[in-house]
Amino acid sequence: MSGISDLGYARLDTSRPRRQGLPEVVYAPGKQVGEIAGIADRLLAEHPGPVLVTRIDADAAAEVLEQVPGGHHDPQARLLSWRPAPTRDFRLAVVTAGTADGPVAAEAAAVAGAIGLQVRVERDVGVAGLHRFLAVADELAAADAVVVVAGMEGALASVVGGYVGCPVIAVPTSTGYGAALEGVTALLGMLSSCAAGMTVVGIDSGFGAALAAHRIALLGERR
Amino acid sequence: MSGISDLGYARLDTSRPRRQGLPEVVYAPGKQVGEIAGIADRLLAEHPGPVLVTRIDADAAAEVLEQVPGGHHDPQARLLSWRPAPTRDFRLAVVTAGTADGPVAAEAAAVAGAIGLQVRVERDVGVAGLHRFLAVADELAAADAVVVVAGMEGALASVVGGYVGCPVIAVPTSTGYGAALEGVTALLGMLSSCAAGMTVVGIDSGFGAALAAHRIALLGERR
Amino acid sequence: MSGISDLGYARLDTSRPRRQGLPEVVYAPGKQVGEIAGIADRLLAEHPGPVLVTRIDADAAAEVLEQVPGGHHDPQARLLSWRPAPTRDFRLAVVTAGTADGPVAAEAAAVAGAIGLQVRVERDVGVAGLHRFLAVADELAAADAVVVVAGMEGALASVVGGYVGCPVIAVPTSTGYGAALEGVTALLGMLSSCAAGMTVVGIDSGFGAALAAHRIALLGERR
Amino acid sequence: MSGISDLGYARLDTSRPRRQGLPEVVYAPGKQVGEIAGIADRLLAEHPGPVLVTRIDADAAAEVLEQVPGGHHDPQARLLSWRPAPTRDFRLAVVTAGTADGPVAAEAAAVAGAIGLQVRVERDVGVAGLHRFLAVADELAAADAVVVVAGMEGALASVVGGYVGCPVIAVPTSTGYGAALEGVTALLGMLSSCAAGMTVVGIDSGFGAALAAHRIALLGERR
Amino acid sequence: MSGISDLGYARLDTSRPRRQGLPEVVYAPGKQVGEIAGIADRLLAEHPGPVLVTRIDADAAAEVLEQVPGGHHDPQARLLSWRPAPTRDFRLAVVTAGTADGPVAAEAAAVAGAIGLQVRVERDVGVAGLHRFLAVADELAAADAVVVVAGMEGALASVVGGYVGCPVIAVPTSTGYGAALEGVTALLGMLSSCAAGMTVVGIDSGFGAALAAHRIALLGERR
Amino acid sequence: MSGISDLGYARLDTSRPRRQGLPEVVYAPGKQVGEIAGIADRLLAEHPGPVLVTRIDADAAAEVLEQVPGGHHDPQARLLSWRPAPTRDFRLAVVTAGTADGPVAAEAAAVAGAIGLQVRVERDVGVAGLHRFLAVADELAAADAVVVVAGMEGALASVVGGYVGCPVIAVPTSTGYGAALEGVTALLGMLSSCAAGMTVVGIDSGFGAALAAHRIALLGERR
Amino acid sequence: MSGISDLGYARLDTSRPRRQGLPEVVYAPGKQVGEIAGIADRLLAEHPGPVLVTRIDADAAAEVLEQVPGGHHDPQARLLSWRPAPTRDFRLAVVTAGTADGPVAAEAAAVAGAIGLQVRVERDVGVAGLHRFLAVADELAAADAVVVVAGMEGALASVVGGYVGCPVIAVPTSTGYGAALEGVTALLGMLSSCAAGMTVVGIDSGFGAALAAHRIALLGERR
Amino acid sequence: MSGISDLGYARLDTSRPRRQGLPEVVYAPGKQVGEIAGIADRLLAEHPGPVLVTRIDADAAAEVLEQVPGGHHDPQARLLSWRPAPTRDFRLAVVTAGTADGPVAAEAAAVAGAIGLQVRVERDVGVAGLHRFLAVADELAAADAVVVVAGMEGALASVVGGYVGCPVIAVPTSTGYGAALEGVTALLGMLSSCAAGMTVVGIDSGFGAALAAHRIALLGERR
């Protein structure tokens, strides 16, 4: 635990690939385009793995790509990535309750894809029409992990968590209005779920869910 | 809208049976045994229908019954009642997510029974084992109304509300700990539910759910 | 419980009319115009009833109507609808506390109308001038159900709920400022109301209230 | 603004009668019986007006009265008082929504009485039976000020505030359960009321309401 | 309690002047310019007193004034008023903690002025420099009522409330950032104040404070 | 997904071992001793795996063991268990920030042990003395998963999550007072952690963390 | 940064005196008497400075003192201490708003005294009688640091912070009821204070304030 | 405590330099450019020390500088300052957890610099890569005070507070999203920190932290 690369405006943790199998992921908000490009450039030079920038809009991504070519921008996921990891033997299912959860699911899927997980997305299986869930239930149960992306009351997480036996990572989203409280309602519901052994990440954090899946995938590889 | 019966310690609304088909229901906490007995006595004299006291414990109920005989105390429901209404043509299903929701469901069922609804209780059909719900789903769909009693994340309400077409009244309960926030999590979840047209009453208010069902039953009778 | 129509971007629950007497209602925010048109088109093909899109602004509605003609856009209610249901024998009263509650009441009224309920709206009967309520009280009591739309402290709901005997559905609105907390104050007040048997839907959810009334109306028809 | 009487365990503000027409009122919780007696003794010596101790239970009150005789303990109001003020020309109406609001109303009434206001209490006029309010409305409107004591959703405050023209002081109480949130719901509702010009004091603060009325009464006397 | 004037879009309470000495005050947000003009026009016709529209911006005010001439718009207070009341024998002091509280104080002062109170504003006497308060303390104490306008922690209210003997109406403002929580911190602080007998109105409600003062002024006149 | 065993007071999901490799775990609060014994008895009969009862105190455990002998009660963990699973090839590290987090860690460790995980507990490595963490850091990094149990501000979770590469499950605890808000502060902190890919379970839910680890362990076994 | 003393039930940070001039302070709640005694014994052996146990009641303190003699228990402060530090050249003023803040102030004063600060306590100088503050203002201004202990709205902190130029550490207390929200109101108020450069510690944390003062005192000594 | 300079729109506390060693700092939001210039002009005339305007954007700053030349605007810190104080013998370390905390740290550093403290900023040492902290730990420990600027969960504050012995001032920032709750999560975490003797200022208040450091620096000078 020792590597640091100091760019003045950022202090990169260059030993993270060794500790966690992945370099630092860059969070774009609050950073200048030049800073993002500089960090990406350094990360690409320091190690051979994928380099990712999250929550970046199309204009900033285009500017960064001019300075650091060779990357790819996924506008729905707001992800900029270079040098995706080779495909791993790990099947991640990402399932959403409704259409409005799409951008968060897209971030989860895009990040997971860039770091080598095999991702399948099942959209719009909210529990208000339970047979939509039942139609994909066995497919979800066969995955190596499931990411459940749901806003409003987040009930899909409990239904998935109660059905499948694999690790379930719930992502509350800020969709809905009024009593949905910008995702807090879904978050509290997922943490209080009657489905035992489910875990939760932060509101709208598709990124966090993908990295939690990555930790599980790594574990399978090292054993 | 005019009847009042003033007992000094209480000002009874004696025109409520005419307006709403039911006399005032007495909420026991904060009232003296003598006051409860006095109110019950007066209500029994003022009109011919059922008289109910909610949230009353066994000791107080026994004392009241000595002064106003002929009633019945249901300890789990904490309900004291006299002169139950004749059975109406209205089938109410009360369904709970787990065992801990029992007392709230008991209050809903006992109040509903005392005011003449036909009640059937289905216990412990939480969504963590979805087939438990599926086993009773068609029975619930055949009811005239369903009361869903659930704590923790309250997901059962969304599943029921999305399945059945009849009126659904959700009762959040204060079961669970930590992020369940004494019922607030279930309450917010039920209000944000993806299942359209479901309605919600206050936390732990089995009483409120029974009276909401009563309003619907009355409607059917007067039409 | 089996019908699904998969459009790729949406997974329609086509058995909902059979279960609940009404197809899925489309929530516009977060969906592309082309997606909304595609869903509406499919729903119109799948069953003979009304098709509704909520929370859609005028520009998007016009674009959708070019692709799926024959519908109607109500700008205050932000509702786009095709093929309204035949009028049912059910009188719904929608009552508001103040002018600012208008858009939510308009959504409730327009959705209820499109699904066949007979709707009458009484505006601006806030309890600060109680005689305004008294002037319409008996009319409200004669309705088959009342939707109360109120922001700020939401006291109108308690007054209506205490007066009428029919089902009362309270809709808290996000009108008001400061301590009104974007509708949370009205929501909590309605849930804590001293008027027994009232039910509540989510903040600003005129749509939810209309569908709750629809469930009650259906019940009357099937009995 | 200068008088201080230092008892070691308390630093009395002896110029308060000159500034506000009333000595410090002693809040009992957290104080020793001996301290309360010592403070009362000193206040009785320092000025000729009434001396009050709030929130004191019967046992502590009896002990204090042994050391400082001549006072009176009102158990429902939890008030200990010596030397009540002469009756002033100011009629205060205290009105409660329900029986459970009784102790807070009792505190308001007892404090107001001890400082010379003429107090009339109207109990149990909750808006669920609006005619109970209408029966006393003109009497309330004729008072010099009205204190409204209400828990749950606190709607009575809006109804009173909209009817009468005199100063209205609303006291939210912690009665109710669940979504009543220990009085926070009533508090928020009263602050967001549609009835203009109403003011609010802290949860359960019958004492605060009485002193607010006292300020208004003083104003009338000095003009 | 009987007068109603129904404009279709609004149901005016025309008996309010008789009950409360002042017609309804119009809250502009959410109303069309034509509606505001229509209401103002009707109110001017119905009774001889002042007519007020609050929270109205300059453009809307100008449009309304074209339709209903003779009024005056105060841009800082966002108040539009016609026919100010004659000056009453009541001196209201409005005091602010800081410059940012200015607009709320301006609303309080302008409304109070339009309804006939004599208003004096003391700005920027925050307790961080206590001698600024001490310099005006005796002037405040000589007023008939004091409105304290303060954001952040709202401590000025406690200092004023502890010093003066006249009625004190505290208005929390949404100034400040972070832990000031949009005025909730000041609101809670004012409600919990150690200064007894102070009352509180809603966040940023200069209007509410002015009307509370009006009630007190009326009381003095009728006695 | 079909097995149900109906005991009247409980509806057991007997297909859970097939779906999730473990029978239902019994949550004791709110259940009668006889009910707990009945459920345990049935679960022991239905399948060959471990049977667990959580949150049960010593007296109730002793009574249950009289009726269903052969089990073991761990008082600190409040866990009653029969027939522990054979040891699996999965090393779980449980680490606590302070002594007060002990009972939650004990529950996590005891549940994990009963279902076959190899558990090692490292106590009292709070970040206020960072070298305590550094002394065990490499041991934690070598585990197959780490459960971090921390109250107050929960900072240990971020430090562990940033160091190790394996799955990290954070358990906020309700230790601490004041601004710790009964575990909500730690919960929010863990969800907002700068350490990517960490997941969180409910407040004080050592049980939830153990079952989340179980899901990961199962995954390794089936691959 | 290296010393650890592992007692099994606790992992002592023995390098803390070198880093921070003071050994770990033991927080009693949740620890066995034997554990407290064991930790105290070890800390006394490891270094020559003062050893402190906070939040310990009289019975537990007596038992610990039997095993580890020579210490002193202060019941109001709930502090058990051995070997107080020699008096330092640092004058700390502890000031309280009211009597109920006494126990928190006592903890601050007793801890500060045990670690060598010169402490003077000024009680009951709440701003409701501002001259009480003015009487001690210059004395406070002459201290090396001031700890302000206040509950309810916590306004005293702003008044002190605006007057004195030395470091001010504000301690919100959980005194008060209703809107005081168990100290959260005072906490938020102190953090939002208009008095610049004041700092805040946790609710009821007299201990935290004393240690913050200790850090300042150490700084003066090492310079 | 007596100096006041009344500008009409502001009431300057001109004795503050004598009490606290620094004139009032001007908070720009809500003030007109002309008012800011007028206040700055007066402050520059009244005393010889530094004059500061915080939270001012580039355009307003340029306008003010035209009227009151000789100052300097730091755009990242949003600080406008004239006549910086001579350098004092006090080394302040400002440390941030991440890049997004930059503006708050910049404000702290710029204000501290303008009032004479020697400031060193260490950026981006978040605990997710703990060795980044360890690399600067001894440098921080050698400072006279440390300001820790951190958002999200704010864990860096606990790590710094547990390591160094000098005064630590924690500044929560509103960086992060979802469960970070606009800085409230970091704020609560810092107040609940396991690192004893740390103090906290308001969310995003780099200014407050700098002034807290100034109080400590003054103390060292006067001793």
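We call the chains A, B, C, D, E, F, G and H, going by the order they appear; numbering starts again at 1 in every chain.
Following the convention adopted for this analysis, a residue touches a chain if its C-beta (ideal position, glycine included) is under 8 Å from a C-beta of that chain, and two chains touch if they have at least 3 such contacts.
Since the structure is predicted, the reported quantities are computational estimates derived from the model, not experimental observations.
Colleague: Of the pairs G-H, B-C or A-B, which one shares over half of its contact pairs with C-D?
Modeller: Of the listed pairs G-H, B-C or A-B, the one copying the C-D interface is A-B.
Colleague: Out of A-F and B-D, which chain pair has the most contact pairs?
Modeller: It is A-F, judged by the count of C-beta pairs in contact.
Colleague: How many angstrom lie between the CA centroids of subunit D and subunit F, rounded to a whole number?
Modeller: About 51 Å, centre to centre.
Colleague: Starting from the mean Cα coordinates of subunit E and subunit H, work out the distance between those two points in Å.
Modeller: The separation of the two C-alpha centroids amounts to 36 Å.
Colleague: Let me have the rounded angstrom distance from the C-alpha centre of subunit A over to the C-alpha centre of subunit G, please.
Modeller: Centre-to-centre distance between subunit A and subunit G: 44 Å.
Colleague: Give the residues of subunit E touching no fewer than two other chains, as numbers and ranges.
Modeller: 1, 98, 128-130, 163, 178-180, 184, 187, 191-192, 196, 202-203
Colleague: Output every touching chain pair, sorted by label.
Modeller: A-B, A-C, A-F, A-H, B-C, B-D, B-F, C-D, C-E, D-E, D-G, E-G, E-H, F-G, F-H, G-H
Colleague: Under the stated contact criterion, what part of subunit F meets subunit G in this complex?
Modeller: Within the complex, subunit F contacts subunit G at residues 98-100, 102, 123-125, 128-132, 135, 175, 177-180.
Colleague: Over in the complex, which subunit E residues touch subunit G? Could you list them?
Modeller: Listed in rising order, the residues are 97-98, 126-130, 152-155, 158-159, 161-163, 176, 178-181, 184-186, 188-196.
Colleague: Using the touch definition up top, name the residues of subunit G that touch subunit F in the complex.
Modeller: 1-4, 9-11, 13, 15-16, 24, 27, 29-31, 35, 172, 174, 183-184, 187, 202-205
Colleague: Under the stated contact criterion, what part of subunit H meets subunit G in this complex?
Modeller: Interface residues on subunit H, with respect to subunit G: 1, 19-21, 25, 137, 141, 144-145, 163-169, 187, 191-192, 196-203, 207-208, 210-212, 214-216, 218-220, 223.
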